[in-house]
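These notes open a run of structures that come right after.
Here chain A shows up in two complexes: once beside chain B, once beside chain C.
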Partner chain A sequence: MTAGLLLHNAWANAPPVSIAGVLVWIVMRSRREPLWAEAYRRLGRSKRALGAIFVLSLCGGIVFLDSLSWQGSRVEEPKTVVDRLFDRPFERTYSEPMGSATVGEVTPHRLLGKHVFGTDSVGKDVFYKVLKGFRTAFAIGGLACLVAVPIAVTLGLSAGYFGGVIDDVVQYTYTVFGSIPDILLIVALVLMLGQGLSSICLAMGLTSWVGLCRLVRGETLKHRDREYVRSARALGASHGRILVVHILPNLLPVIIISVTLLFSGLALYETILAYLGVGVGSNFGSWGNMIDSARDELTRDPSVWWNLAFSSGALLVMVLSLNVLADALRDAIDPRLRTE
Partner chain B sequence: MIRYLARRVLYTIPTLIGVSLLTFLLFFMIFSPETLARRNLSAKNPTPAQIDRWVHEHGYDRPKAVLFKQHMQSMLTFDFGESDKTKDRIMDRIKAGAFPSLELGALTFGFTLLVGLALAIVAAYLRGSYVDAATMGIAVILMSIPIVVYVIGVQYFFGKMLRYGPLAGYAPGPDGLRFMILPVLVAIVSGSGYYVRLYRTFLLDETSQDYVRTARAKGVSERAVLFKHVLKNAMIPVVTTTVAAIPSLVLGNLVLESFFGIPGLGNYLVGAIGTQDFAVVRAMVYLGTLLYVAGLLVTDILYAVLDPRVRLT
Partner chain C sequence: MIEPVLDVRDLRTYLKTPRGTAWAVDGVSFTLASGKTRALVGESGCGKSMVALSIVQLLPEPAGFVDSGQVLLEGNDLLDLTWNEMRAHRGRDLAMIFQEPMTSLNPVFTIGNQVAEAVAAHGGSKSHARRRALELLERVGIEAPERVHGQYPHELSGGMRQRAMIAMALANRPKVLIADEPTTALDVTVQAQILALIREIQDEMGMAVLLITHDLGVVAEMADDVSVMYAGHVVESGPVRAIFHHPQHPYTRDLLESLPSRQSRGRDLAVIEGVVPGATDWPTGCRYASRCRFRVDACEASGPPMIARDAAEVRCIRVDAIAQSEATR
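Up next, the complex of A and B:
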């Protein structure tokens, strides 16, 4: 490998590495904050929460490995670690998990390699497709939250804190957005912006900020006249400082819990969008696409169940962990909200 | 009361104007008519002449001001014009699809609600027990599976394994109810998990109130506390969160309608999405919004009627 190519490869991996680094740093740093240390301790006591965190870090690990890519030469396509480890040569058509011959052909052919989860109609390895789905699911959830959370937090904070005309305008805006049923707004946006990962994330982000914004506004209203805010004001702190340094940290629990739930909701939405034909498109491996294409496979003879089972299984594991984590977070961060 | 009603109804007008503006922006301003034409004609690799004809035929070449006026008018008169693809009158299709949608919506809604509430009462009554933990656990798992998977699973199970018919279809009247069994079943399984959790929270919130302690202190049995005192008060949040879900059900059964071949509004919309029929999607977005806003309105009014603590100002 030449020095130029090495540099090129290193540069291409800078974004995933830095994102992962920042995430790990945030988790490590927040452990030392007294406010959060207690929450971590409570989370650590819950077996369910630990299980969910373990599963989610495993998912995150797969996404990370699927984001590290390099090319061996200038002409070669860049391949990720997951590509290099788990990509298998195409078979002729369907084959069962761990099977040794194809299924659904008049004369079954011997397989070229082992396929843990079997192969799909064009002979692609299902295990590899399921692994690729993690990255798409995380990308959709992450990018949509990246659109929704800043809008929701900025508007919600300023509406709750300043009140008056700003509050009216923000309330009006989210009432208008919130009056359009989610699925309709997403479909209309994707239809107009065209298919693709970025327009889906934008559409989902522009749709899902409303609930969080309403929540943040309400919470800010509660905090606006608390004593700590008044003392900060008396000490001469600017509005920006009060909002960001004093009020925002108190809202973080609510924000984190809703983002966790949002993330799991978006993963489920993706399957509906794929079914409606406004999904991420066929050049992305996504569980929604797999489930959609498996629609008629169960009725084949013999039934092809592995595509549907493994893609929805992966989705179930991820969404379930997120839901369990959200419940545990609610109990750990905010004991007042406890339902037990 | 009448003043409150009037004010609450008037409040929806600016919202609806905002939605009309937003849909106008989305459907007429972001992209040029040529882009829309190219998308709509995409399969045939259109020539410039074809594109011009499409734009002209569908009226997208008129000045923006005229389009805006027509758009706002259609929102008032419910005359949504013709479909971009099939040239059908959109309103005729909506009228035809409204009843099947309403039928499915009412059935799925009613049953999901009943099942959700029943399980929530059981879980709240036996709170802290294994039954409670198991119900909640199953509810979370059921919530985490996409509806498409339920539909595929149910159709496979009933169709191929039990040889049960009919798998899909629609007929008006009581005769057609047999077509509704499977979609309603899917709706219950996929939807009630959310309601069980929500309603259980409402019930437990009430259980920690002072009046419950008083009732227990004077010797009312636990069952009577739950059914006579708690349930009555917990119905306020139950009713209000539920009414807000009605309109989303009318259009929200998109997946169910198209999988089970029910010729309702959801099915119409799914078809329109598939053929990139902008006019139909536009009309359905507005209609869905209208239903949703109406639902919220009913919620607020019911809230005021049911809960005497809410002041009508």
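Up next, the complex of A and C:
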């Protein structure tokens, strides 16, 4: 492999590696803060939370492996680790779960030589498709949150803190956004921006900030008149400093919990969009696409149910563990349990 | 006469309430000299906290406004300043400590962090801020400052928290410290310690203290001068000895008589009958008239002016008559 190819792969791999690194760094670093250490301790005591974290780290691992790519030679398309390990050649037609691979399997392996989840009506391995769906779900949840959270937090904080005209403007804006049916807005945006992962993330991000914004505004209102904010002011702190240094950290628990829920909600939403035909498009493996294609498969005789079942199952497992985690997080870091 | 560091002249502050405009502070004047303590005494709702908030301009938003008057800090009128100019004064020249040490500290940061934050609010490096924070914590009598530095507010007792608050207020060696009921929420023993600490630091730094309290015991302990407030204005003002030993305004007399003392042992405590009039419509005449023992019809005709008598100033038209009747009795 030439140096140029290595570099090419390094560029492609930089984002996933750095994202994973930042996540690990945040967790390790916050462990040293006594406040968060306490929350981690509580989280560690909850079996539900540990289970959810275990499942989610499995999902995260799949996503990570599916994001690292390498290239055999200059002509070959770059493939991810998951592609290398689990991609199976197309079968001629559908086969049931645990069906043996018949095409292209040079050295039949006990598990890898089988289509564990069967193949769909065009002969593609369902297990592989399910695995590919994780990355899309995480990317959509993550990127849309990346769009929605800054909007929600900035607007919510300033509306709650400054009040007056700013508050009015923000409130009117999110009330208007909230009154337009999300689906309509997303479909319009996707049609405008063109189908694809980034445009759908942008569209979902732009429509999903309302709830969080309302929450942040309310919490800011609550904290604005607290004594500690007043004493910070009496000591000469500026507005920006009070907002970022004093109020925001107090809102973090609430924000973290609702972002966890927002994330799973967004992943769920993608399947609905795919079903409506405005999903990420067929270039990406997504559970939404799988469920969408299952529409035809179920009517066949005999019906091909496994495409639908396993994609929904994966979705269920991910969303369920995210929600369980959000619940456990609420118990672990609720400031009301912590103070006094 | 020495130039006062803080000179408040005819301060008028109102609050917009659903029931109308409440004149919470209605013409308050006093001066505060360097190194001295002035106590602002009065019952709940008389406007003493509003005076403090008007001085630092942190009135409740959006309801509170300063209407007129002057707040001169070393000759500069603070009321003319913009928000940002005022902010530069807060914490550096004027610092304030509040009543509730339980909630006046940010629950999610360590004590050291918050004291350092107060130091850094007016410039300075991080390492300097940390060193200074430790110094300050030690100065306010916290044992093991290294340990407390890393603790969160909920891990400390009320007294410790108030000490930390004082450390934050002292961070930039203010010229004036405004203490709004600094010991009300504390135990009596802790209260005495905190007051002693404020005195000590005041002597050391030569700062002026404006002490706001309803506790006459605290006033006797701490103050050089006293302004007694009633219904939005000062009714009597003077040196602490004069006020305590020779009160002239009927309200001050009643207030002092309502304190339990050795003489009143076994008897029922004296009570001031009636209630403070509402701040939305003050009576035209003397505001204490409805509760006053010495009331005559002239009292309710027009508002009494401040009259200088002996070392003090009194807002009562009958001050001489009352003194005479006392003397003859």
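Here is the rule we use: the second predicted complex is superposed on the first by the 320 of 340 C-alpha atoms of A that agree within 3 Å, B and C clash if a C-alpha of one lies under 4 Å from a C-alpha of the other, contacts with A are read in each partner's own complex, and residues count from 1 in each chain.
The working rule: a contact is a pair of C-beta atoms (placed from the backbone, for glycine too) under 8 Å apart; a residue touches a chain by one contact, two chains touch by 3 or more.
Predicted model only: the values in this text are computed from it and were never measured.
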Just from the overlay, do chain B and chain C fit on chain A, or is there a clash?
fit
Per the overlay, which chain contacts more chain A residues, chain B or chain C?
B
Looking at A:P89 after the superposition, I want to know if it touches chain B, chain C, both of them or none. Which is it: first, second, both, neither?
neither
A:R241 in the overlay: touching chain B, chain C, both, or neither? Say first, second, both or neither.
second
So, does A:L268 touch the first partner chain B, the second partner chain C, both, or neither?
first
Looking at A:G218, would you say it contacts chain B, chain C, both, or neither? Reply first, second, both or neither.
neither
Pick one for A:G44: touches chain B only (first), chain C only (second), both, or neither.
neither
For A:S231, using the defined touch cut-off, is the partner it touches chain B, chain C, both, or neither? Pick first, second, both or neither.
second
Gap in Å between nearest CA atoms once chain C and chain B share a frame through chain A:
11
Shared chain A footprint, chain B vs chain C, residue numbers 339-340
Listed in rising order, chain C residues that touch chain A in their complex are 56, 58, 60-62, 84, 87-92, 95-98, 100, 103-110, 117-118, 121-122, 150, 152, 154, 165, 168-169, 171
Hey, which residues of chain A end up touching chain B in the complex?
172-173, 175-177, 179-181, 183-185, 187-189, 191-194, 264, 268, 271-272, 275-278, 288, 291-292, 294-295, 298-299, 303, 308, 312, 315-316, 319-320, 323-324, 327, 339-340
Note: in the complex, chain B contacts chain A through residues 14-16, 18-19, 22-23, 26-27, 30-31, 39, 128, 140-141, 143-149, 152, 155-156, 159-160, 200-201, 204, 247-248, 251-252, 254-255, 269-270, 273-274, 276, 278, 281-282, 284-285, 288-289, 292-293, 296
Inside the complex, what are the residues of chain A that reach chain C?
34-35, 163-164, 225-228, 230-238, 241, 245-246, 249-250, 252, 335, 338-340
